[in-house]
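Presented sequentially are two complexes of subunit A, the first with subunit B as partner and the second with subunit C.
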Partner chain A sequence: MFHTALTSADLIFLAKGAGMTILVTAISVFIGTLLGIVFGVLRGQLGPIWFAPVTFVLDIFRSVPLLIQLVLANAFVGMVLRLHISGLTVACMVLSLYTAAYCTEIVRGGIHAVPATTRRAARSLGMSWLQDMRYIVLPLATRIALPSWIGLALGVMKDSALVYVVQVTELLKSTQILITRLQEPLFLLLICGAFYFIISFPLARFGGYLEKRWSND
Partner chain B sequence: MIEIQNVHKSFGQLEVLKGIDLTVQKGEVVTVIGGSGSGKSTLLTCINGLEPIDKGRILVDGTEVHAKSTNLNKLRQKIGIVFQQWNAFPHLTVLENVTLAPRKVLGMGKAEAEAIAEKQLKHVGLGEKLSTYPTRLSGGQQQRMAIARALAMSPDYMLFDEVTSALDPQLVGEVLETLKMLAEEGMTMICVTHEMAFARDVSDRVAYFHKGIMAEIGVPEQLFNDPQHPETRKFLASVR
Partner chain C sequence: MKMITLAAALVAATGFAGTAQADKLDDIIASGTLRCAVVLDFPPMGMRDANNEPIGFDVDYCNDLAKALGVKAEIVETPFPERIPALMSGRVDVGVASTSDTLERAKTVGFSVPYFAFEMAVTANEKSGIKSFDDMKGHTVGATAGTFEAIALEKQVQEWGTGEFRPYQTQADVFLALSQGQIDATVSTSTVAMANVKTGNFPGISVVGKAPFDTDYVALFTNRDEYGLINYLNLFVNQQVRTGRYADLYEKWVGGALPSLTVPNAYR
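For the complex of A and B:
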């Protein structure tokens, strides 16, 4: 007969960790997406040469492992800037820029995929550049970019497991704490995986729902 | 009145318009014919200000299209253009496609814009398709929707750029009928077309373009029955 020392209080502890994972992911994906839209639009408007300095910075965030980014950012904020910022803030800042780096490319690709002839038709009706972006380009680019963006958001949620290095107790860190105490690693990791699935599944399904709805347009 | 004066336009090394002069009076229908690459379509996009020009000038009701001081977005409100590819906005219904510019550009209220859109869509025979998405329409229907979309801005001038070229042959007729109807209603139109019968029936004047120059212009009877320029004769012989 299977027996575990896991109590309801431990499950609540895990749920709190899951809450922190959701919080870090939601803030980072929200800010990262906004920045990604701004950078993606600017990239299209300024062209690759004028945008090169930003591309270089974003490339750093895409190329350097997230774990290193978190450790270095935390050290920079504390030791160089001598700011007393919480680990959660550092984690959200780094993850937001990390998300923005990927989101910029997704947005750029989405905008690029909107046919130039469709944009020309909008401009020929007297629409300004801003109106063309607002009513034609971004809605169409959103439809094109949605699957990639869902993948990015799910990836960021799983990558957020690394923010424990800046003293944020999210879902995986909570699980590790329980493993140390209860010595039931496989069972606890199974529960942890189930939590991750419960968090991810609605987002994936919501993306699928939107894709299906838009494909009927 | 649209006045085109000595307009030159190049794409890189390729000069596609080599000094075009043409005046289109209010209420006039001018059809532009000619082979591929003769500069017909480029001229229309220059009139609408979608393409800059290298030399010369284009005046629409006295406003110079390419002057730096000209508000192109405002000017385009009086020059409707319909392209070979209808360029429907696929995320909007037929009604939304037609109401978008009147609402956002002209600042019309929803009810007023919808009333105008419904009138224009009925006008082009799409009164039953208001809530349909463009992808569910045939090419001919989408092209007629594009015409209604341009007309909803109440333009003074309409430019048609080979609007039947991308359509299946059985769908060409319905679009040409729509254009004929507009011409009969007195709309000022410049039509670039390969439909010679249409050009003969509808036009007040027909212009023949050849390699970036306007080789000949005249009333349809003269141009089709007694072309003066050898290139016009050669072209008409090839399309008959």
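For the complex of A and C:
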């Protein structure tokens, strides 16, 4: 009946690939979010004109396909800078900036959604700018930005499948290696899809949980 | 004034000489790692074992090269079209990737002398009594449609004027037809022929000899301006043949008659 040449060693191989996917995603989303917050706040403080150069650079990261960014960044590091850095580092750098570009917009939108009257009220109560950001803007903006941020994190996780072009053996690449050897594409892709689901489902649920909890208080 | 210019020129020249980089051979030895581009979906030259570790003729060849250089080997998997881009973007140092040394490619990369040759071999059904290429005259033969050997074989059958040529969709179909006796013989690269005979999926067939079609010579490659490294690679290929390591590897991964790496009546 149902027969496969897949062994437990191959499943461990796939799990290692999944681990790499999680690692790349975690690093990129973490750094990207930090950068995104910095850029998003700066964008609000400096105004669109002074911030235009950064917006331009971030727009490049948003508009050029990720695959091309990865290939070009890798070639740049190897040919122009002549550095021997690992594919994982290149992948994390590119994905972080890619995440940052999107996260900047999310943070900007979140801050923008806090009513100006509320912020003015805070300042007229004698709060400093930092206090206003910390106690008024942060809690309100986070609630608004969270769903988009969860969507971004899930998107980056799936986009991380492209880092195979810089020699990072993540989940999809591991699957392709097994497909080449075992010649069972549909079955292996099914398992690969299941792995992706196992990784992203908890994150999506966690986001849903936070949203629900924060909307009540 | 002239002295100052001269002195300035000297200083500048020394500066340039100082910044001139060590060549790639030195870089590899200094870095302690040799990064080889290897194609891993091309058995028996490159493939993966049950633990998904790279194995094959090219993998062993890269390991030998690293050993000769006294460094660690790193196998970088590159699909066929990615081999030369991987070198150009600095992801690998050397290509050990069954790359035919075409003049077109030599405009971009520098090739060593050939380290392997894909000869065309005749595989026959044992019942047909075919013992050589010429014995195929008058028999029904077949090959994978559209390949180099299929076109050459079909032409040969027409030249003989007797017998029949049948094209098949895949290499596996050809060997299945051969095993079932639908065709009496086929021509394919020796590696493919040996690999299929070895699987045991096709009983009653064996490799009986060479076909007088063009041999596909493949060479190691690196950046074309790295003469130091190319010289080293040439000597390395020579040493592999001289020490019998080439014959050992051929026996281990392919088997059968060892192909010659030199072209008769030509240098290099």
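FYI, the second predicted complex is superposed on the first by the 217 of 217 C-alpha atoms of A that agree within 3 Å, B and C clash if a C-alpha of one lies under 4 Å from a C-alpha of the other, contacts with A are read in each partner's own complex, and residues count from 1 in each chain.
To be clear about the criterion, contacts are C-beta pairs under 8 Å (C-beta built on N, C-alpha and C of every residue); 3 or more make two chains touch, one makes a residue touch a chain.
Because the structure is predicted, anything quoted here is derived from the model rather than measured.
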When subunit B and subunit C are modelled together on subunit A, clash or fit = fit
Ask   = For A:Ala9, is the partner it touches subunit B (first), subunit C (second), both, or none of the two (neither)?
value = second
Key: First, second, both or neither for A:Pro115, with subunit B first and subunit C second   = first
Query = Which partner does A:Ser128 contact after superposing on A: first (subunit B), second (subunit C), both, neither?
reply = first
Message = Looking at A:Asn74 after the superposition, I want to know if it touches subunit B, subunit C, both of them or none. Which is it: first, second, both, neither?
response = second
Task = Kindly classify A:Gly19 by the partners it touches after superposition: subunit B alone (first), subunit C alone (second), both, or neither?
result = neither
Remark   = After superposing the two complexes, the shortest C-alpha distance between subunit B and subunit C, in Å, is 51
Complex interface listing, subunit B residues touching subunit A = 48, 50, 73-74, 76-77, 80-81, 83, 85, 87, 89-91, 100-101, 104-106, 133, 135, 146, 149-150, 153
Query = Tell me, which parts of subunit A touch subunit C in their complex?
reply = 7, 9-10, 13, 71, 74-75, 77-79, 82, 84, 87, 167, 174, 177-178, 180-181
Inquiry  = Quick check on the complex: what are the subunit C residues that touch subunit A?
reply    = 31, 40-41, 47-48, 50-52, 76-77, 88-91
Task = Going by the contact rule at the top, pick out the subunit A residues touching subunit B in the complex.
result = 115, 117-118, 120-128, 131, 135-136, 139-140, 143, 214, 216-217
